[in-house]
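Paired with chain B in one complex and with chain C in the other, chain A is shared by the two complexes that follow.
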Partner chain A sequence: MTTAPPPARRRLPGDVDMWVMILGDLFFFGCYFVTYMVFRALSAEEFAAAQRHLNVGIGVANTVVLLTSSLFAALAVLAVREDAWRKARGLLLAAGACGALFTVIKVYEWYAKIGEGHTIEDEFFSFYYVLTGVHLVHVLLGLLVLGIGVRELRASGRRRPTIVEQSVLLWHMIDLLWVVIFALLYLMG
Partner chain B sequence: MTDTATAPEHEDAGEPTNPARAGKREVWGVYWAFSIFYTALTVGICLLGRATPPPRPDVTALQAAAWFDKHETGIQVGFVFLLLIAGGAAISNGIIGYFMMRMSSGKMLAYAYIAAMGVGAVPGFQLLLVCWLTATFRPDRSPDLLYLLYDLGMLSYNGSLGCFTAAYTVMAIAIFYDRNRIFPKWFAYVTVWQIVTELLASQMWLYHSGAFAWNGMITLYIAIVIFGLWIVCLLALLRGAAARETADTPALYEPEGTR
Partner chain C sequence: MTAQELRRDRRAILAAWAALSAATVLAWLLSPGESQTDTTLGNELVAAVVVLALIKCRLIIRYFMEVRHAPRWLRLATDAWLAVLWLTLFITYLV
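Take a look at the complex of A and B:
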């Protein structure tokens, strides 16, 4: 008589706490997005006119930077699972560097827009500064959490894969949120 | 009253003892005081005082005066009652501080939390009561003065969020660093949402209408949903933490230092 092999143990990447953060954050950002869509529908022409003052090239650049960052972060998780600690640490640092570059580009964009006179006097730009600002707060939080992942992978660190997974999960969510924000603010006609 | 119970000196061998809740009546008492205070706060602020949901920010002086006249009784009953029980805010901070002191992250963060919430309660709670009660008890003053009290009350109540942001930040840090698992880590993330929404809400000073005014979808309604979620989770977690305390729970302070 043969016995069936035991089913593979299902494991949640990261931990439940981080998933609460991610799903809740997606829900509340979803609320912000719906609010933006409603206000946009109420003043469609004004929003479209103001939107033309955004530089799509900068938006694309930031999108590419964050997607590249997410790629580095995903590769870091694979490296951790293969016990390649040094490589994983380097990849996490590269992901963090992309996040820092994203922040610099975003601050430059704000500086340029304010210099051109696009302030919160305009309703579209109110949403622009709020949505990108809240997202930037998340980017800074994500960089902090990535830093915790890097510290975990030091020679003297405890090197727990779950810590790296948690930081990368959060980073992917931040990336996903940016893709939606980019589509809503820069591309939606 | 002591921080914790001491084990009974004489125990009869073989006689079952039930240490649950022994000596922790003060914790349960403060927990219920917290629950009752926040319920009263909801009734006083929302149903009677009409501060949440708030009146419109884009009214004229005469409209503001007329609004006070219309809601005079509710504001007076609700806010006088809240003035009488305003100390409940301090009691509520006390029990959270108590459990934060049980965290391995150290007592300094608990002190910082209590202090930040205590300072924040003055503009974020007390000033609203004082402004609107003044407006309703002095209806003969000029509409412009009543208009100022109308704005000052609301902007102070909803716009003075820096102290609360500091309090939530130290609470989140304390939970993240805590190894005693007093509160679960997911609650630290819920607290992070509180920090973000409080920062967002502070821009209501700049707007008279729209999503970012003091009655805006983003600055008020989404923020209130998050605050409601936070407080419900906190009450449930405090209840669980209080239930875990027994006569064997170690004291917060050495006996010599407390007597």
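Take a look at the complex of A and C:
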């Protein structure tokens, strides 16, 4: 960890409205996560047995894809601060491409699991489909918001750095939530 | 923002990404499925998975979301979310 910067550099990334939304979303996802763990505790054996049917390798691949997407998005914000607009746009597009790849992998995983007969009739899989499904809706919304950032960087004379910053913040939150979902569903077997 | 600060932030973001990816692979190797441990024997391993996930979450918040430069209320709010969430999840797992 680096030492804390002097107070002069303290600034709120994005704006307060975005943070109200992010903290609210984190709170609600926190409630979903605790609910999942309570149900898991009530039938630990069944959950552990069902969980073994998930492919951890796919989960790891998707985690690295989303982390890399966040890296591109974070670098895009720094590029905007250097007034390197074209570079920032390229980085945001790369972040979006990784987000699209995440979606493809997730849909493939669902397709495979449904094919193997794991449906919402199984309690673990009902949580799996709801948690990853609500998260996937956030990914699609995040891609739309990243698209707004890309559009902002395209229009000359209307380039507002805060719009890019806000869209990237939302994208990082989606990455953050996935890291928790990955640990709970795939790793805590 | 000076060029030096931008360079420093870029290095910090790249280091955070490398640490996050490494922690993901490490947690994979430790996870009960991989180490062939029975679930009832895996409490230490689960603790390791939980700690790694907590560290990953904090790296994303601090470095990607730039909360390390943010005002005190936001640093406290995000840390409170992390602490309450992971403590509750871990206790629920053990009980």
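Operating definition for what follows: the second predicted complex is superposed on the first by the 178 of 189 C-alpha atoms of A that agree within 3 Å, B and C clash if a C-alpha of one lies under 4 Å from a C-alpha of the other, contacts with A are read in each partner's own complex, and residues count from 1 in each chain.
What we mean here is this: a residue touches a chain if its C-beta (ideal position, glycine included) is under 8 Å from a C-beta of that chain, and two chains touch if they have at least 3 such contacts.
Every value quoted in this text rests on a predicted model; they were computed, and no experiment measured them.
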item: Chain C versus chain B on the shared chain A, clash or fit after superposition; value: fit
item: Touched partner set for A:Ala48, first chain B, second chain C, both or neither; value: second
item: Touched partner set for A:Tyr32, first chain B, second chain C, both or neither; value: first
item: Larger contact residue set on chain A - chain B or chain C; value: C
item: Chain B versus chain C as contact partner of A:Ser126, first or second or both or neither; value: first
item: Touching partner for A:Val137 - first (chain B), second (chain C), both, neither; value: first
item: First, second, both or neither for A:Thr103, with chain B first and chain C second; value: neither
item: Which of chain B and chain C A:Thr162 touches, first, second, both or neither; value: neither
item: First (chain B), second (chain C), both or neither touched by A:Pro13; value: second
item: Chain A-centred angle between chain C and chain B, computed on Cα centres after superposition, in steps of 10 °; value: 120
item: After superposition on chain A, the shortest CA separation from chain B to chain C (Å); value: 16
item: On chain A, the residue positions that both chain B and chain C contact, one per complex; value: 38
item: In the complex, chain C residues that touch chain A; value: 1, 3, 5-6, 9-10, 12-14, 17, 20-21, 24-25, 27-28, 31-34, 39, 42, 46, 49-50, 52-53, 56-57, 60-61, 63-71, 74, 77-78, 81, 84-85, 88-89, 92-93, 95
item: Residues of chain B that touch chain A when the two form their complex; value: 184-186, 188-190, 192-193, 196, 199-200, 203, 206-207, 210-212, 217-218, 222, 225-226
item: List of chain A residues in touch with chain B within their complex; value: 15-18, 20-21, 24-25, 28, 31-32, 35-36, 38-39, 120, 123, 126-127, 130, 134, 137-138, 141
item: Interfacial residue positions of chain A with respect to chain C in the complex; value: 2, 4-5, 9-13, 19, 23, 26-27, 30, 33-34, 37-38, 40-41, 44, 48, 51-52, 56-57, 60, 63-64, 67-68, 70-71, 73-75, 77-78, 81-82, 169, 172-173, 175-176, 179-180, 182-184, 186-189
